[in-house]
Amino acid sequence: MKLWVRIEAQEKLVEVSERDGIYSVTLDGDTRLVDCRSAGHRDYLSLIIDNKSHLVECAPISFEDGRYYANISGRRYDVEVLDERLFATRQATAVVKDMGPYVIASPMPGLILDVRVKIGDPVKAGSAVVIMEAMKMQNELVSEIDGVVKAINIKANDAVESQTPLVEIERTE
Amino acid sequence: MKLWVRIEAQEKLVEVSERDGIYSVTLDGDTRLVDCRSAGHRDYLSLIIDNKSHLVECAPISFEDGRYYANISGRRYDVEVLDERLFATRQATAVVKDMGPYVIASPMPGLILDVRVKIGDPVKAGSAVVIMEAMKMQNELVSEIDGVVKAINIKANDAVESQTPLVEIERTE
Amino acid sequence: MFKKILIANRGEIAIRVMRSCREMGIATVAVYSDCDRLALHVTYADESYHIGPPPSKDSYLAADKIIDAAKKSGAEAIHPGYGFLAENADFAAACETAGLAFIGPPATSIRQMGNKLDARRTMSASGVTVIPGSEGPVASAPEAAGIAREVGLPVMIKAVAGGGGKGLRVVRDAADIDKAVDMTMGEAESAFADGRIYVEKYIENPKHVEIQVLADKHGSTLTLGERECSMQRRYQKVIEEAPSPSVTAETRAALSQAAKKAAQAVGYVGAGTVEFIMAQDGSFYFLEMNTRLQVEHPVTEVVYGVDLVKEQIRIAAGLKLELEQESIRLRGHALEVRIYAEDPHANFMPSTGVIKRLVLPEGPGVRNENGIYPGYTIPIYYDPLIGKVIIWAEDRGTAIRRTRRALQEYQIDGVTTNIEFLLWAISQPGFLDGTYDTHYIERHFKPELLHSDTGELDLAMIAASIAAYGRLNRTNVSRAEEARDNVWRRVARMEGLRKPRL
Amino acid sequence: MFKKILIANRGEIAIRVMRSCREMGIATVAVYSDCDRLALHVTYADESYHIGPPPSKDSYLAADKIIDAAKKSGAEAIHPGYGFLAENADFAAACETAGLAFIGPPATSIRQMGNKLDARRTMSASGVTVIPGSEGPVASAPEAAGIAREVGLPVMIKAVAGGGGKGLRVVRDAADIDKAVDMTMGEAESAFADGRIYVEKYIENPKHVEIQVLADKHGSTLTLGERECSMQRRYQKVIEEAPSPSVTAETRAALSQAAKKAAQAVGYVGAGTVEFIMAQDGSFYFLEMNTRLQVEHPVTEVVYGVDLVKEQIRIAAGLKLELEQESIRLRGHALEVRIYAEDPHANFMPSTGVIKRLVLPEGPGVRNENGIYPGYTIPIYYDPLIGKVIIWAEDRGTAIRRTRRALQEYQIDGVTTNIEFLLWAISQPGFLDGTYDTHYIERHFKPELLHSDTGELDLAMIAASIAAYGRLNRTNVSRAEEARDNVWRRVARMEGLRKPRL
């Protein structure tokens, strides 16, 4: 299977096949045989490659987007893995994504303390739009783009779930 | 629900009902309200009864026989819990069980080291019939009854799974 | 000795206290809010009382409900842990009024140390060095400028009611004093409804060191050496250690003497901590006294071989200290790393969720203090501190290497933690050589620094590729099956069509 | 210092050794049999080499395969752990021949201590008191009777090749000697193909105490106090402690002196343990020397603040001991309880299976040594020891109460363990007062004793009733649904029947 794999700034083409629990993984033209098994839990992979032993916690963050994380000795890496279908989808949606409205969503469940904008307000990238409290801490949710506030779905003192769309911002060029 | 509950030498009739996660449990004519929830895992029950807090690991050993275990602070209790159907079944099978052939089965996977009997041998209750090795230890499997060896399904050096019938003994009166 | 104690807290500290109680044969009573019904402290306690809805003010800060639960349960004493009501003098007084022992200092000691300016004055009067500055609140910019001339620049303009890094401003240039005073007063007025300010000399690159104190009701006060807590992020301690790599035996003796004086000046009883700001030249100044058990108390426990919670309980029960200052001996070195449910890649945003898997570090010299278990859901209402790892070793170098080993062993699934950040922190040159100060992290940390191992990048790619391969294969198979099913269905339909109509 | 070490073992001890290696910056190499591919030591190591099928003789005892793996990996040294090849002189010699450091004593020391009769003679000659008895093998019953007269009854008739409680017989009456000699010889011949026997005085109600020794290659030998290991079941240690409640400071000094002499007599290098039998009057006799790390080494580590594995590695690398006998100081008290996968209700039958849930005891003074993790399958081929809990506390009473607390916290699902039995053992009057001897458990333990708490019986009934209620309800609902489905199906069929035929 051909996979497009992206980690941090790098993107590589990876070829994977499997026989009897041993995986053949080709990366940078270099083919390695990987003895890979789940150790007690599906997401914990014990990999032995050239007798080097590794334990990696690895699972999808979002299978449909090909987003995975890999945790190695306490360090967490975000990895994107796409097969041909997902790769094609990403190519197709990348353009659309940059055009559509930008939505600030709650990163976790919590309480809205303050909404710093009104509909029609101009917003600069990096400016705080909503203040929410979770776990005794105040967190600023900032806009990543320049734009104008188009919709506000919450008000102060609202309790929100994770990934609730809070404020919609329309891009200004 | 009416339940026949047996622990060690005691057997009691217990009445259980539930509303909103609070159980009403009547035991010895004494009705207690029990706030019972699974703590992180189905088999770990957090019970609060009259503000007393208990954590009990409790699960069926064999649901169809109504056999459960309850682990309280490291102590393990075997409890039989029967509803009307299971109670009736037990009553009906109790007689048959005492009449049928007696089978010595392997309590765990292991290696048969020695079979101490031949077909037709008389066997006394408490005498060793099979020696098996598991986890570096030799274990004697003894007959619980007086009888005559009727069948032998294994020989020395056989590897056996758990609950494999090894030797069948016919009861002598 | 008490037969039953109520613990007015939750999380790791509630469990910590209950463990000592169990070992002393004392029954424990937990209190819990709605969202904590399945919290570990509730299942661990002998008795548990529900005290209200999740917000702290309605439950863990509701003094009357807690005292009520204590009375219902027949508890004879209340241990407040840290945070919540631990430094609330009114609560301490209310306990005593209700006939319950408060496992902490007398309400008067809490009050005397609670107000920063009062504490400064009391300490000054008792001969404990405080940071040079104004005696009391400063009314105007010219008055502030006068003090600045006296103690020398830089100075800090601080709100009397401030705390946690809010309401303070550093002035390095005399010309900036007017503006700084104005702004701090305005901020203090709006944030704390108390516009008063005072002026202190600003100590450059300070270290935070603190002395553990134990005092009984019979006049004995002793000290258990220092902890250094200069690894901080936004005034939140991240790593603590005992002893401090920067404290010599002479400084330790001087710090201990000052801490003892401070505790005695307020008639202190119980376990408490006197915090000092230490300048790079080793001079030190009283900062404040925490009139309770500290989060980082275990580092002192492991190097001195004491159980501070048991000492607290014994003291509250009126027993004399059995420890003697002369026989207390420091052994080896201890570190504590705090595990927070927060994402170091995303500005330390707190993280919540269900703990799916939890494998703690174990083995030689590793102590875990936790309030979580596999299957537990971390609620959004409270502190994101989910656990602590305390490391003991023969010496500081070994302790640091053991801490790295322990952090690498830590497996926690379902929430994001700061473990990566801790691994970064303990590997910093400034931490390794012990020169770090309280601003070290803000000067040096950038999230980009967390990813640097190139060998790991390849491994992450391989692991993710295999994980994806398995899942995509299954998905493709099921897609294929679906497609095949569709074909069959179509065939069936066609066959149906072909059947001769009846 | 070595850069890479191969650990020729599995389970908790392999992890124990690897942890010290990691902390020393030494890379680790694991070896594994087929059934251990997912064992913790394989995933924990930096490198892992497959060495064969599950039976030990084909893998963990296959010296050539292990040496081969060491060479392939570039390891410079081999740590044997305990058991398997740890006391195999030929293996130690083969390592040295292959240019690999064996982390243990020289082959000659192992050989000298390996043969019991030889060791007795060497010790006797070096002035270490051995149990009075025959100098060498005894050829006949009259010769045995002569020795019995000399040392006094009771005596023990022991097979030279015996071990693990096999091939020995106690004689209390002179009239029984003939028969006992005959039977033991016969048994020894058939069991060990070596009919030789010898005679020793039998010590009534003995205690098992042992001294930890460390010796470097530069002539330094030092001792780290005693451990008592008299809580045994069928010669298997169950609980160990340091210090022994029965050893006074004078006895400790005498034991240490004897142990040092014993180690020096065989030119010992590395960590080793000299075991003694101690009579009720405090007199003691050399029993044997274990020329390796003991299972129970951590109790010594926590009271003396040393890392014995690091010392072993340092010694093997040729370094001088940095510890000095004078500065070694005992602090507090330590206990170790061994967690076995075995059923105390069923004659301690071993138990295997998948560890579904594992929550270890934590908090102050608790150290876990484990080779398992949640999801791990315990194989049937090896030792049923799955973990150890080591407890440290200020004093013995606190250590015992802490051990109880820790055992109550231990949650392990999927296999049956001896935790209940350990709770029974640490609560025994003879354990609490420290008078227990090596026969205590066999004299006092009955499985019926494990269930005694009547309050818990009610609770178990309530919990099981609720658990059953939920499950039965669901089952009844699904039965009802099934029944309803059947009714519908029947109705449908009947409707079908009623349909007018076309």
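Each chain carries a letter (A, B, C and D) given by its place in the written order, and its residues are counted from 1.
One rule holds in what follows: a residue touches a chain if its C-beta (ideal position, glycine included) is under 8 Å from a C-beta of that chain, and two chains touch if they have at least 3 such contacts.
Because the structure is a prediction, the values reported are computed rather than measured.
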item	value
If a chain touches subunit A and subunit B alike, it appears here	C, D
Winner on C-beta contact pairs when B-D is weighed against B-C	B-D
Chain centre separation in whole Å, for subunit C relative to subunit A (CA means)	30
Gap in Å, rounded to a whole number, between the CA centres of subunit D and subunit A	48
Subunit C, residues touching no fewer than two other chains	357, 373-374, 408
Two or more partner chains touched - positions in subunit A	41, 44
Residues of subunit A defined as touching subunit C within the complex	1, 3, 5, 7-8, 10, 12, 14, 16, 18, 23, 25, 27, 32, 34, 36, 41, 43-45, 47, 49, 54, 56-60, 63, 66, 68, 70, 72-77, 79, 81, 83, 107-111, 134-137, 139
Partner subunit A, residues of subunit C touching it in the complex	341, 345-347, 349-352, 357, 380-384, 407-408, 410-411, 413, 416, 419-420, 423, 450-451, 453, 456-469, 471-473, 475-476
Parts of subunit B lying in touch with subunit C, wherever the complex brings them together	35, 37, 39-41, 44, 46, 48, 51-53, 55
Residues of subunit C that touch subunit B when the two form their complex	30, 37-38, 42-49, 72-73, 355, 373-376
Interfacial residue positions of subunit C with respect to subunit D in the complex	15-16, 19-20, 22-25, 298, 301, 305-307, 331-332, 357, 359-360, 362-370, 373-374, 393-394, 398, 401-402, 405, 408, 502
